[in-house]
Every structure is written in C-alpha cells, then in structure tokens.
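The structures come next, written out as structure tokens.
Two complexes come next, and they have one chain in common, subunit A, joined by subunit B in the first and subunit C in the second.
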Partner chain A sequence: MIMANSISQTANSRGHKKYGYFLGCVMPAKMPWAEKATLMISKHLGLDFEEMKETLCCVRPGVWKAINTDWWLTLTSQNLANAEKQGIILVDSCNGCWISHYETLKELTEEPAKLEMVNRNLSSIGMHFSGDLKVKHFLEVLYEDVGLKKIRSNVVRPLDGFRIMRHIGCHARKHGDKLPGYFDEILRATGVEIIDTPYDKTCCGLLLYFSDPHTSIFDRIGVKMSTAKELDIDAYAIICSGCYDQFERAVKVFKDERGISFDTPIVHFSELLAIAFGYKPDDFGMKYCRPIPTTKFIEKLASKEGKK
Partner chain B sequence: MSEPKPIKSWVKLLEAGKKATKHQQSEESLQFPLRRSFRPAAPDIAKASLKRDFEVGLVYYVGDDIEQDRALCGLERRPPTAHTFKDALEKKRILLEKAGITTKLGFDKKKGVFEY
Partner chain C sequence: MVTETKIQKNLKSPIPVPGTDEKVTDLVIVHDPNKCTGCNQCMIGCAYKHYKTFDKWYGLLYVYENPEKRGTYVNANCQHCVYPMCLAACPKEAIYKDEKGIVRISPLLCVGCGTCNQACPIGIPRLDQERLISVKCDFCDGEYPMCFQMCSAGALNLLPRKEAYEYVKKLRGV
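And then the complex of A and B:
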C-alpha cells in the first residue's frame, strides 16, 4: 500500500499524468473499433494513456447498487484498489463505469465507516484501498487536460458536411451539465454538424430494460433511430458503451420482431476524432463487428476526399 | 354452514409470499411474520449477465469470433481484463464468497445456476 501511494504521489509531484483506460465489459467485446480509436487519439494528443490492466466489471450500479449498496461498494473497490496500486488516473468513457467508480470513490472518501467495511472485505483477497485515486471521465481528460485548442489544432480532416445526431447518456448528466457540454464542443471541433432533436436527452433505456424491455426498446431507441432515419443523418454519435449495448440490442430486436432495418451507423465519439485527426477508417477497423454497416459513412468520406 | 371457498388469487399470493421469504429470517420476524424480509434476489432479467460476471469477471465473453474482430481492429486478441488476468477473476470469486454475496443471492457456483 505504501508503495502504491508513493508511486501515485511521485507521478503527481513530477506533474506527469499516467492514465489507465478502464475498458469495462462492452467495449472489448462489442466495440473494438472504439477501443482502438480511443487509444489512437489519446496517444496522438500526447497523453500517457494505456488500457488499465486486470479489470473486472465496473460493477454495474444499475444492478448491484439496486440489490445491495455494500456489495456494490465492495466489488467496485477491487477495481479502484487495483488502479491505486498501478499508480494511474482511472479513465472511463462508459458512463455506467464512470458513475460506479466516481460515486464509490466519493462515498468511500466521505464516509470512513464504509471505507472500513470495504477494506475488511478486500483484506480477504490481500488488497487494500486508501482512497488515493483520481477517477476521470474521458471527456474531462480531453477537455480539461488536453484542451479544446489543442484538439482543434490537430484536426486535419474536418468533417464538415457530416450531419450527426448525438446521445451522451443519462449518467453523464447526473452530476451537472459539464460533460454534455464537453461532448458537444469536442464533437463540433471535428467539424460535424450536430442536429438537435427532441429525443437527445431521453434515456437509451438500458436500465428500463430490466423492468420493461418492450418500452425500453421501442419507445427509447426506436424513437431515436426512426428520427435519425427520417432526418437522413450520417451517423449517431455515442460515447457510453452501456448505451451502445442498448442501441445494438434494439437494432437487432427491430429487425427480428418488426422486420425494420435501421441504416444510420452508431459511431463512437473517438472514431470521429480519429478521422478528423487524419486516420483512415481501416486504421481502427471501423467496418468490422457492427450491427449497422458504416459503408455509407466511409463512402461519403472517400467521396469528400476525392473532391479535394 | 359450509366452509367458505378460499379465494384462489389470495391463496396464490400467500404461496408467492411464503416462497419469497423462505430463507433465513431474524428472531423478530419469526414472532412477527409480517416483518419477514425479502431475500435479496437478483432480478430475473439480470441473472444471465450476473452468471457470466461470476464466471469470467465481466458481463460479456471474449470468444474466438471477438478475438478475430479485435485483431482486425489492430488490438491484442484478448483484452487486458480478467479475460487475460485470471488472478483478478480468482480474487473476485473469493471476494464474492467471503462477503457472502453468492450465498445470499442463492447462486450455486457448482451448478452455475441461481436457486431462486
């Protein structure tokens, strides 16, 4: 423990920030293109940024916090203790993972009895958490640590002419309006045109899925994707892996149950940045492993390049 | 005068109540049945993902197909999560056991099923 603290303090005293990207459950299994694009743009911007190692499920607050708060704090703390030991700033781009880490850290640092309870449980696996850890959302890293100016200066292929809808997700709004603001400003820095709709703030329905799958699919994602289709949007930009999971599920259900195929690709925020920074879609595997092909988006990009 | 017929829906409700509280109860709840606590059951719809979580430490498996997709995207075939670091998963299993979570949730780890 003393060693973990000293590593962390040394890193801070030198002013050097070492980031550990928490992948969570969905990203490595369903969004490898987002994982690759996030690593690429972070390195491109000069960050010491790597995937955090030895990670487990975050654990999902929507499930665990609802079942038993102490269990949620205990299981989440295994990841936090690991991050503390690795001397990193824990970075999440999935809002579910972020809220789990952020709120657990807050509770444990503000309530010593809870920290004691967690450490009693962690001692059974030879671990300890002291609370000497920073948890950041990826949007905070980009906006606060890198800065919009530097992001803009790295845009060599502005995505002007691309019309997108965006969905940031509810948990990113839970602790203020900062993250949605960062999301929009960084997206606009890539040159895309954000189309506002009445459904931008509605939930993806992931948690509602546990109690009412029908409404969560058809009245949440269904409305969003139908609007995107109607407005002939080029891409639906998301950042949260949990929301992506729900988008993907809904797209499949629509196809299987109603024979409706949506054709607006759901893209990760990092993919748009990677393209704007000059990377090719093939550099991060944009065309693989997706329920809605990105073919039209890539063709539009190629056609735009050809006109230059 | 004959016994009144029991109302079927009420009987069903009573049976459901007994089933939902058929687990270890406090002394107080034995004296006062209406104070029986409900067991901390996992929601049915979340059980499949919880089972995967207990088995691999994460909600989704990374199988051959996914490994191939990851390689196509320029990533390591296996992510640096508990999929690779089995020690992290082992620790989680011990934690689940020692904190009494699997038992209270009624998860039979040998059979890989929830008892209720």
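And then the complex of A and C:
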C-alpha cells in the first residue's frame, strides 16, 4: 500500500499525468475501431495514454445499486484500487463505466465508514484502496487537460460538409451540462455540422432493455434512427460504448422483426477526431465489424479529398 | 372530521433528518423534465426495491413521454401531500400519514376499491394485481429513495417542500 501511494504521489509531484484508459466490456468486443482511434488521437495529442491493466467489469450502477449498494461499492472499488496501485488517472469514455467509478470514488472519499467497509471486503483478496485517485471522463481529458485550442490546431482535414446527429448518453448529463457542452464543442472543432433534433436527449434505452425491450428498442432508438433517416444525415456520433451496444442491437432487431433497414452509420467520437487529425479510415479499421456499413461515409470523405 | 384529526395529529411529530435541519415530512421528490432522458431507471430501481424484480411496471412511480413535446418526459411520483386527497377519500380509513410524514396504505385494511387512485390528482396509488390491494410510494421508509439514487441523468431532486415549490414554479416559468 505504501508503495502504491508513493508511485501515485511521485507521478503527481512531477506534474506528469499518466492516464489509464478503462476499456470496459463493449469496446474490446464490438468497437475495435473506437479503441484504436481513441489511443491514436491520445498519442497524437501528446498524452501519456495507455490501456489500463488488470481491469474487471465496471459494475454497472443501474443494476447493482438497487440490489445492494455495499456490493456495488466493493466490486467497483477493485478497479479503483488497481488504478491507484498503478499510479494512473483512471479514464473512461463509456458513461456507464465513468459514472460507476466516479460515484464510487465520491462516496468512498466522502464517507469514511464506507471506505472502511470496502477495505474490509477488499482485504480478503489482498487489496486496499486509500482514495488517492482521480477519475476522469475522456471528454474532460480532452477539453480540460489538452484544450480546445490544441485540438483545433491539430485539425488538418476539417469535416465541413458532414451533417451529424449526436447522442452523448444519460449518465454524462447527471452532473450538469459540462460534459454535453464539451462533447458538442469538440465535435464542432472537427468541422462537422451538428443537427439538433427533439430526440438528442432521449435515452438510448440500454438501461431499459432487460425490463421493457419493446419500449427500449422501438420508442427510444427507433425514433432516433428514423429521425436520422428522415434528415438524411451522414453519421450518428456517440461516445458511450453502452449506448453503442444498444444502437447496434436495436438496428438488428428492427431489421429482423420489422424488415426496416437503417443506413446511418453510428460512429465513435474518436473516429471523427482521428479523421480530422489526418488519419485514414483504414488506419483504425473504420469499415470492419459494423452492422451498419460506413461505406457511404468513407466514400463521401474520399470524394471530398478528390475535389481538393 | 376523523381524517382531519388524524392528519393534524401526525403532522405534529415530524422526524428530523440526521445532519440537517429538515424533517422527513418536509422532503419531496421533484422531477425536472428538462433533464429527464426517459431511461426509466427510477421505475426499475423502485420495482427492485419493493418487488425484487426489474420489471418496471412494478414500480410505484411513472415516467411517460410528453405527448405535447416530443422527446421530453413527464413523471408522476407521490408528493406525500400535507393534506392527502387519497387519505381523505379512502372509505376504509386504510390510508394514514405515519410519524415520518409518509403517506401509507395499510395492506390489512385496504380492500382494493381504487378510490384513492381516483382521488389522487396524479393517480399515484395503483392496484397490486397479485394481492388485490392498492399500493403506493412509501418514500423507501425515509431512507434516500431508490428512484432518486438510480436516476441516471440527475432529473430527480430531493428538496425541502418549500424549496421544491419554488423550483417547480421556476421550471414552469411562473
């Protein structure tokens, strides 16, 4: 434990920020392009940014908090204890992972009795958490630690002419308008035109899926994707892996059950940044492993390049 | 008259909330439709807390899409009124306000007639289809309500009644 603290304090005292990126469950399984693009843009912006090692499930608060808050805190704190040991700033881009880590850290640092309870449980597997950790959303890292100015200066291929809709997800809205604001500003820095719709705020339905699948698919994603189709936009930008999981599932259900195909590609925020920074779609495998092909998007990009 | 005496009696003994100057009777849940994303986590959390199921329809509060404004959601949750209409309307005197100020339905006295549902301005009490009695929010026995804890976008607020009134007035632009 003493060693873990000393590593962390050394990192802080040097003023050097070392980030550990928590991938979560969905990203490695379904979004390899997002994982690659996120790591690429982070390196491009000069961040000491690597995938976090020794991770477990974030332990989704939406389920576990209701079942037993103490279990949720204990299970989540394993990731926090590992991050503390590694002397990193824990970074999440999935809102579910972020809120789980962020709120656990908040509860444990504000309430000593809960920290004591967690450490009692962690001691049975030889772990300890002292609370010396920072948890950040990837948007906070980009906006606060890198800065919009630096991001703009790295844009060499502005995506002007691309019309997108965006979905940031529920948990990112929980602590005010900060994260939705960062999301929009960074997206605009890439040059895209953001199209506002009445359904921008609407939940993707992931949290509701196991309770009411019909509403979750048809009344949440359905309205979003239908609006995207009506407006003929180029891409739907998301940042949360949990939301992506739900978008992907819903698109398949629509096709199988109703024979409706949506052709608006769902792209990760980092992919748009990577393209704007000059990377090619093939550099991060943009066309692979996608239920909705990104072919049209890539072709538009190529034709825009060709015109220059 | 009986009802009025009961309310007056119970309102004399509100219980203080530890660490604050508030009393449990003073706290109410207020929904901000500008923040709600319609994720239904409040309903799911409530359902699990009271019925140990994730079927949201077992929840004791309700979230609906606002038919007048697409993409926004309205919520109906018990306000544990100072003078509850459900309590006044119950023909079996099965509804009472307990020492914490929580409006409750006695499962032993309730006959499931549904009068409380009709009397409540927002139709909060509902019929429990298995037990055939009316059920409603019990404010999670005065702990932090599960709906408030589960809200994923911070749309549910736990506020003293006076502040809640001002908050709602502000939301409505009154």
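Here is the rule we use: the second predicted complex is superposed on the first by the 308 of 308 C-alpha atoms of A that agree within 3 Å, B and C clash if a C-alpha of one lies under 4 Å from a C-alpha of the other, contacts with A are read in each partner's own complex, and residues count from 1 in each chain.
Throughout what follows, a contact is a pair of C-beta atoms (placed from the backbone, for glycine too) under 8 Å apart; a residue touches a chain by one contact, two chains touch by 3 or more.
Everything quoted here is computed from the prediction, not taken from an experiment.
Asker: Which term applies to subunit B and subunit C once both are placed on subunit A by superposition, clash or fit?
Answerer: These partners fit in the superposed model.
Asker: Is A:F210 in contact with subunit B, with subunit C, with both, or with neither (first, second, both, neither)?
Answerer: Touch status of A:F210: both partners.
Asker: Tell me the angle subtended at the Cα centre of subunit A by the Cα centres of subunit B and subunit C, rounded to the nearest 10 °.
Answerer: Placing subunit A at the corner, the angle measures out to 60 degrees.
Asker: Could you say whether A:R173 touches subunit B, subunit C, both of them, or neither, answering first, second, both or neither?
Answerer: Second partner only, subunit C.
Asker: More subunit A residues touched by subunit B or by subunit C?
Answerer: B
Asker: Once chain A of both complexes is superposed, is A:I67 in touch with subunit B (first), subunit C (second), both, or neither?
Answerer: both
Asker: Where does A:E35 make contact in the superposed view: on subunit B (first), on subunit C (second), on both, or on neither?
Answerer: first
Asker: May I ask you to decide whether A:C289 touches subunit B, subunit C, both, or neither, giving the answer as first, second, both or neither?
Answerer: Only subunit B; A:C289 stays clear of subunit C.
Asker: With both complexes placed on chain A, how many Å separate the closest C-alpha atoms of subunit B and subunit C?
Answerer: Minimum C-alpha separation, subunit B to subunit C, in the superposed model is 5 Å.
Asker: Do subunit B and subunit C touch any of the same residues on subunit A, and if so, which?
Answerer: In subunit A, residues 63, 67, 210-211 are touched by subunit B and also by subunit C.
Asker: Along subunit C, where are the residues that touch subunit A in the complex?
Answerer: Counting only subunit C, the residues touching subunit A are 35, 37-41, 43-45, 47-49, 54-57, 65, 69-72, 146, 149-154.
Asker: Could you please specify the touching residues of subunit B with respect to subunit A in the complex?
Answerer: Residue positions touching the partner: 40, 42-43, 45-46, 49-50, 53, 57-62, 66, 69-70, 72-75, 79-83, 85, 87-89, 91-92, 94-96, 98-99, 101, 104-105.
Asker: Which part of subunit A faces subunit B closely enough to touch in the complex?
Answerer: Interface residues on the subunit A side: 23-26, 28-30, 32-33, 35-36, 51-57, 59-60, 63, 67-68, 71, 74-75, 78, 82, 121-122, 124-127, 209-211, 213, 283-285, 288-289.
Asker: In their complex, what parts of subunit A are in touch with subunit C?
Answerer: 61-63, 65-67, 69, 99, 170-171, 173-176, 197-203, 205, 207-208, 210-212, 215, 219-220, 223
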